[in-house]
Amino acid sequence: MSKLKRVGVLTGGGDCPGLNAVIRAVVKTSLGDYAAEVVGILDGFEGLVFKKVMPLSWENVRGILTKGGTILGSSTRANPFAMTVERNGKKFTEDKSADACRNFEELGLDALVVIGGDGTLTIAKELRDKCGLKVVGVPKTIDNDLSATDRTFGFETAVITATEAIDKLHSTAESHHRVMFVELMGREAGWIALYSGLAGGADVILIPEIPYHTPRLVEKIERREKYGMKFSIVVVAEGARPVGGKMSVIEKPDQPWALPRLGGAAQRVADEVEKLTKKETRVTVLGHLQRGGSPTAFDRNLATRLGVEAVNLIARGEFGRMVCLSGREIKSVPLEDAVGRQKLVDPHGEMVRAAAATGIEFCAAPEK
Amino acid sequence: MSKLKRVGVLTGGGDCPGLNAVIRAVVKTSLGDYAAEVVGILDGFEGLVFKKVMPLSWENVRGILTKGGTILGSSTRANPFAMTVERNGKKFTEDKSADACRNFEELGLDALVVIGGDGTLTIAKELRDKCGLKVVGVPKTIDNDLSATDRTFGFETAVITATEAIDKLHSTAESHHRVMFVELMGREAGWIALYSGLAGGADVILIPEIPYHTPRLVEKIERREKYGMKFSIVVVAEGARPVGGKMSVIEKPDQPWALPRLGGAAQRVADEVEKLTKKETRVTVLGHLQRGGSPTAFDRNLATRLGVEAVNLIARGEFGRMVCLSGREIKSVPLEDAVGRQKLVDPHGEMVRAAAATGIEFCAAPEK
Amino acid sequence: MSKLKRVGVLTGGGDCPGLNAVIRAVVKTSLGDYAAEVVGILDGFEGLVFKKVMPLSWENVRGILTKGGTILGSSTRANPFAMTVERNGKKFTEDKSADACRNFEELGLDALVVIGGDGTLTIAKELRDKCGLKVVGVPKTIDNDLSATDRTFGFETAVITATEAIDKLHSTAESHHRVMFVELMGREAGWIALYSGLAGGADVILIPEIPYHTPRLVEKIERREKYGMKFSIVVVAEGARPVGGKMSVIEKPDQPWALPRLGGAAQRVADEVEKLTKKETRVTVLGHLQRGGSPTAFDRNLATRLGVEAVNLIARGEFGRMVCLSGREIKSVPLEDAVGRQKLVDPHGEMVRAAAATGIEFCAAPEK
Amino acid sequence: MSKLKRVGVLTGGGDCPGLNAVIRAVVKTSLGDYAAEVVGILDGFEGLVFKKVMPLSWENVRGILTKGGTILGSSTRANPFAMTVERNGKKFTEDKSADACRNFEELGLDALVVIGGDGTLTIAKELRDKCGLKVVGVPKTIDNDLSATDRTFGFETAVITATEAIDKLHSTAESHHRVMFVELMGREAGWIALYSGLAGGADVILIPEIPYHTPRLVEKIERREKYGMKFSIVVVAEGARPVGGKMSVIEKPDQPWALPRLGGAAQRVADEVEKLTKKETRVTVLGHLQRGGSPTAFDRNLATRLGVEAVNLIARGEFGRMVCLSGREIKSVPLEDAVGRQKLVDPHGEMVRAAAATGIEFCAAPEK
């Protein structure tokens, strides 16, 4: 077993509940089991490029197990290979990967634990390829769409938040004969919508993997009414789109500098339903609520186990790998087998069929 | 004490958690303490006009204490004095109040418990004035804006839902240096926004009673940034409006038949802030979530106590009154003293000042 | 208005959710509105006697609004007039009140905010009487048994925790035909048991104010069974006792040094019921859970408003008073009108009668 | 595919959240996908022996997805092969399995879905062996100790309830320098204690699989104190026992008819610690709380997927099997491979080591 001296850790991409639990596990395992120091890299890869760091001690991780967010900060855009830098008031994109590599050396790190999603882990792999940076990945995606692990932390917390919202909408929908729409996260993968719609007993779930056929949605709502159920609950992933249509984007004509942003998927379909059925509709948009809050017990545990295993991998000298959950076990896979492989909802898979068996409609276009 | 034989009960207006607890208390008290029957009137005053009723027994109210919504259904538009009726495919508005009065007699009711807000209770008072209908009111407004009672049930549940949302946004806002906007209920009264913003440690609260001055909002966000806090949480009541501006309405040019609907207040101010500060913003719209869910312990208890007292008033022959909470006590006031008196947030009152003392900004226009 | 320079604050007695919110409000108001320093006294009056203090800045109170407990620590036994001190391995009780008075002077405090219950506030009053110590009290009792305020913070949080427990027991009780007992806090005042039993739809509530008659309890359970309800939920305040009996104490014959401790009230009555009815019983003891957790929105707000007002009182030179809630308003009363006046459940009051009207039994001995 | 006509379903053993979700899925799938009737067998195998049944329609399962318990009732002791029957006031044990077999025929069932734990599924297997009863098992154990499935529903809900309790104890423990003990379910398997202790950041976890060495527990508490942490949280499975000792049983000398019942494990160790360390201790006993409440989103989904698959198995004529979760997939195994194989915590496994890496002690006796 190699003698560990100093471990680095960073969090990249959108935050999700459980990041702090991973950081805590990395710190406690390094200090306690290996007597190694831990260096926290701030704001994702931005901190590695510009050497923004903080030492992490027992004190820093006290009480963070139950807290959402990340004490290290994150960045959704910092890519060392294409860094946005400002000079003389102008913005340039530059390759700063050499700085990242050099700082890794200068910080005297044995290895770097990179906690992130597909984008962040791809950068980790590329830095490994470029300068032999020793990395171990910890998978993070609130959308649960990485195929190399059975589950990612944060996903369950998001699903529970979303399910509680659907539970709450039920009582008020029943009292007032309305169609309730709730917009959930999921640009490309509809897992949050599928899991929370199934758990919340939704009537309809619209996900990116199954473009929806509006007439079928209207028919479902009207069929329910015919059978005496004057309300319906429609769960809409933000990336849901009609058959042949596009995702709904919040346009900002006066802000050309802003990136296009998803949004309004639920409002769009609600407006259409209201027009076609003359029934009142109401829209709830959970937005970043789904990224917040204290991680559930299982997310904390998954995050902790992954963090501990990441340090163990480093101690065993197994770099370039990503830790993962497989069944009940914590294992690891090579980074190259982990990135670029998105796990989408199978429109004909067991979960969709189980949902359909309980009466949930996905409103796919009828097959010809 | 009069000998009770048959008590009627209806719920009118928007639903809120605790309605079922009132119904349950009315039923249990009538059956248990007075051996009187209870008749549930369905869908608010619509049920009285068209005689849609159901008998209510012990069985009907089992298990409903903890459930949101109303087992009697409600209606937000049914006014016996101006009822929308359909004949030959056309819609007419007719005065059906005589039908309501006649049905009250035909049902053999000693009195009618009317659970509703200002609009519903005003109708109750007018029916009383018209034909001597014996009514007892139970105040219901999720906005807590009735001046004749210290508190209405449902309000606390809504505030707790909203506060949990703000708590969740905190962690993700801190991780990403964003300005988070959350839109809460409150067209004319900002109580939900004030209570949950104060409880959630918001940085800014925008309410209808204090038109906001956008430059001041921007200044607050930038001042926080200067002191190292790169995120801000802004709570926006749906009825918030800029100084000299109007409330934000979801326009539906292709649906001229639809009532104008509030909405988009948070998105509007978020867009403006994003433009002025170049900081990323994110919007959450809780919508009907705030009306849903199981009532909190205190809302259940308040609702139960009001329901019990309503029946006791009837048994004592004290009609034309509304039960209410005053300090720790359940009391009652004449209906004419209860309706038409909205309780708004005092822009210079103790709660606003307490919020200001903890650093919350309301962004009023600077006094000249 | 007097010019404030330095405000002290301490928390005494058992902890309850909302203490940190008061501390935060005291600090923010002093720093922000009055530019005064704040000194935190550690571990209740022990800190004043032994001068254990810490300065409190903006940084110290960041993020504590939502946290239970108290960052200042507390002590349930530290009384400056009868302090336990250890010398040469022996314990003595000494009057250290002069030290407390002297330290108040040496710390240069304008006044001391004392957050505590009846015992703590009585000490504050006695220090005021002894050496003119300038104090302002903030009422704290999780049992809500101070008569000089309509409500104390922490109480609601405890009630919500207890009600959630009762809600959970319902489903499992119904499935298995059992009698479920849940023991809640309340040595002398049964408010927590009353509020949460009423909110949770308990079948029986046993409180200290109404000694219970076991035959009546058995009769209630058997009557329910006769009507087809094979389960019952019995809420037991820890101070409940049978007619003519004593409170249940956990005895520790081998630990004569330990104070007698309440406990086992629910187990005791459960054992008796099991013997008499031959029905299975199960006992849950919530214990300190009721003191824990994040304060509810209302407890946070009440605590904040009281904390702000305490500092305002000091600034106005109004010492020797306790802030309180009266209806919707924050007011204050002289300390001498606040201490020594316990608010107990009135066995014939409106809340007990409302609970009885919904079918809850208190099992008082039948009147002769 | 066989033509289904009538499916039976029963729930046996202790209840746990998710039972209703399975029943709902069985009913919806049978009615919707196969147009088959569903017969609910009441109170576990007791209902099959004495033919206590109810037809199950869409109406019966509306709204039960989110409810704990089981609408069919259960029985923890009903074994058709050794049924307790009462005749002339005396109790006899008789083999009633022939009645169970005959009633299965008389009810015209294609197959019976048996939702239960190891005991209930063993009976199902024995009935299959005896008279060819067509059964499909659905695994249910709140303790998650069946080795043939990766997870059982209800377990997560119990863990979340327990973790919330530990979270709450943290704040009050920190404020008062106490040792908090919380007793959780788990007679033979310590999974609930392990998962919730790890998630709650406990300091010590005592489970049946690792007999505890009291001196080591005392040493841990005193070591924490030495490092300035004056509180500790100790999670105790009800089946925890000292090295060389026995499980803690609530004795009832005056109730010889009562079965011995576990209980008091936490109180026992708390008393010992208090005696040895002279530190105050407090005990919380969650008891049946852990079986109650609304199932979490994941428990609802797991239960639903298992229920759907159980009916699909029947439709495919695959009897004598138990459905299960394997990784992300729903599969099935022969009943004989499912029963009698308990999954215990491995004292040297990855989860225990991960917990130890984060500083949690299990207090095993030191190896010699």
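Going in written order, the chains are labelled A, B, C and D, and every chain counts its residues from 1.
As a convention for this text, a contact is a pair of C-beta atoms (placed from the backbone, for glycine too) under 8 Å apart; a residue touches a chain by one contact, two chains touch by 3 or more.
Only a predicted model underlies this, so the values are computations on that prediction, with no experimental measurement involved.
Shared contacts of chain B and chain C, meaning chains that touch the two of them, come down to nothing at all. Compared with chain D, the chain whose C-alpha mean position is the greatest distance off is B. Counting every residue number used by either copy at the chain A-chain B contact, over half are found in both chains. Between chain A and chain B the centroid-to-centroid distance comes to 35 Å (mean Cα coordinates, whole Å).
Centroids built from CA atoms put chain D at 42 Å from chain B. Each of residues 167 in chain D touches at least two other chains. With chains as nodes and touching pairs as edges, the resulting graph is a single ring in which every chain has exactly two contacts. Against chain C, the residues of chain B that register as touching in their complex are 24-25, 28-29, 32-33, 65-66, 150, 156, 159-160, 162-163, 167, 195-196, 198-201, 294, 296-298, 300-301, 304-305, 308-309, 311, 326-330, 350-351, 353-354, 357-359. Within the complex formed with chain C, the chain D residues making contact are 14-15, 17, 19, 67-70, 73-74, 76, 161, 164-165, 167-177, 180, 252, 254-255, 257-258, 263, 271, 274-275, 278, 282-289, 291-293.
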